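Next come two complexes built around subunit A: one with subunit B, the other with subunit C.
And now, the complex of A and B:
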């Protein structure tokens, strides 16, 4: 029995939805416990006084990456069958810029706005409302945006494919970058916090 | 020196990433995320020809029963991936498998290969390409002279299976048919397209 469970037919659609619900609740719980339901903490990332977001994101990335590498090595998971969001360079750069502006203005990313909303935060709910309105507007204007939405497709691209280096080497490089980043972020935090 | 929990986790990540590097370098692995067995593909045009000519092969639909009942390729037998592990037939029978796109078919290819089947092919692009490229193929408004033969061939096969061509005013959709089964790029994801 190996993964992905749904694609291999080990679990059906209903069971996969239950798994998704469980993972979603756990994800939200730990986001909130890490303090990411607070707009002040999230915005502090951009001013360099609190690097929790950077540390949390990079920790999640390297934890998942190391896990996937070893699961694949042991034959527990077939990485070929894991869904990857396809890359569309131009629309994703624009989307990233819009996302960044929204993040610093609103104080939340989509996931953390839901977390903040769940804790009763009014600005969290306003962000959720804005997100849903944005989705609705995008949907209504999709015919006009479709050609740009599908522009510059690069397929399901990974760093290992793009640079043509072994997966294990990429794991090593990114973990080293992350550890160096953690060390540097603590230094930046200490320096900027003492200035303020 | 006493290590706190963050230091211990960082050390664990370091050890696991160095091990990943070692595994990749010493196993001579160029990209461990890749399967060793690359499936051999058949294009929708080649399959359509084979069905039309009543050639001897077994066509297997790997999708769910409801998807199969809703729409399938003529002569296909339904066999979900979970039952493939117990599947048996004469070894010399030519097997052709298809799913929604290519991911599941690649898994089926590995499973059947492990069971000793050598004579098998994966339908390139799965049911999506059958529907969008064979049943309802797109044609340019003005067909270039060098593409007239291939356009007529596609139209003829489309009509044979009860479909019809649609004319579009963007690029030359006939380029798709110029790729043979051996030089087509691999489509991995379940593409969300209209139809079916």
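And now, the complex of A and C:
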């Protein structure tokens, strides 16, 4: 029984939706547990007083990445079948910058605004409303944005392909980068929190 | 229920919560061959609403069409829509068990509630725009693509931190 189970036909459409609900519940649960349903805690990342966003995000990324590496090694999961969002350099860099501005102005990202709303934050629901409106604006202006949206296409591209280094080495490098980031986060947090 | 009135519990350790989230993400890859998301579900809701209000313009719009499917099933019967419903349930339950689910408004001490609502709304609009340009958010791009070592996702992630850090000083009165 090899993964991905859904793509290989081991589970059907209905079961996949029940699984989606289960995954969502655990996802929302862990976000809330770590405090990422709180706008003040999320915003504190960008003032250096609480680096939970970075710590949790990068721990999750390297945990899943190491898991993917071993699943692939053992032949449990065919990574060729896992969906990879195609790279479009310019819109993804500009989109990221715009997203960052919205994040610090609104205090949430899409997933965390849902968690905030679910735990009773009215500002979380305002953020969700703003996002739905923003998506509508994007959709209505899409004909004008289409050429930039599709600019600088690189196709499905991973860091291992791009730098042409082995999968395991790339995992090792990114884990080291994350560990250095955690060490720096702890330092910055201690310094800036004691100042206040 | 006694836990409704109790004091809010401390948050869990961010690294342990991160490992939990990482394992959830890994399981999603193994079972579904895709990662998690959030903004995609909101786009399905918007595309569905737009198609009900003005079916002709949405039919001619490739962006909406990508979320509406071939019309044989409801576009809301979608993996991400179910996942985000789960996020709402999971967040609600976690907050409830920890004494944190209650009606509240989170804001810095220096601004009024009205102001906070305005900025939450505007921030959401800006963020949605960035998300759509980048083909994903912190869940679908940063977490999912980050773990898959997707070049575009890493560019998005670095840019989002850069954008937020560059803006933080100008909006500090919202938070500090």
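The rule is short, and it goes like this: the second predicted complex is superposed on the first by the 196 of 196 C-alpha atoms of A that agree within 3 Å, B and C clash if a C-alpha of one lies under 4 Å from a C-alpha of the other, contacts with A are read in each partner's own complex, and residues count from 1 in each chain.
FYI, contacts are C-beta pairs under 8 Å (C-beta built on N, C-alpha and C of every residue); 3 or more make two chains touch, one makes a residue touch a chain.
Bear in mind the structure is a predicted one, so any value in this text is a computation, not a measurement.
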item: Touching partner for A:81 - first (subunit B), second (subunit C), both, neither; value: both
item: Which of subunit B and subunit C A:62 touches, first, second, both or neither; value: both
item: First, second, both or neither for A:73, with subunit B first and subunit C second; value: first
item: Partner chain in contact with A:158 - subunit B first, subunit C second, else both or neither; value: both
item: Subunit A residues touched - subunit C or subunit B, whichever exceeds; value: C
item: Which superposed partner A:93 touches (first subunit B, second subunit C, both, neither); value: second
item: Shared contact residues on subunit A - subunit B and subunit C; value: 7, 62-63, 81, 83-84, 86, 158, 160-161, 174, 182
item: Subunit A partner contacts - residues on subunit C that touch it in the complex; value: 11-15, 17-36, 38-39, 42-43, 45-47, 49-50, 61-64, 77, 79-80, 82-95, 98, 100-108, 116-117, 119-168, 171-172, 174-176
item: Touching residues on subunit A, where the partner in the complex is subunit B; value: 7-10, 62-63, 66, 69-70, 72-73, 78-81, 83-84, 86, 155-156, 158, 160-161, 164-169, 171-172, 174-176, 178-179, 182
item: Subunit A to subunit C touching residues, read off their complex; value: 3-7, 11, 16-35, 37-41, 43-47, 51-52, 55-65, 67-68, 71, 76-77, 81-89, 91-124, 126-139, 142-143, 145-146, 148-149, 154, 157-162, 170, 174, 182
item: Residues of subunit B defined as touching subunit A within the complex; value: 6, 10, 13-14, 16-18, 20-25, 29-35, 80-82, 103-104, 106-107, 185, 187-190
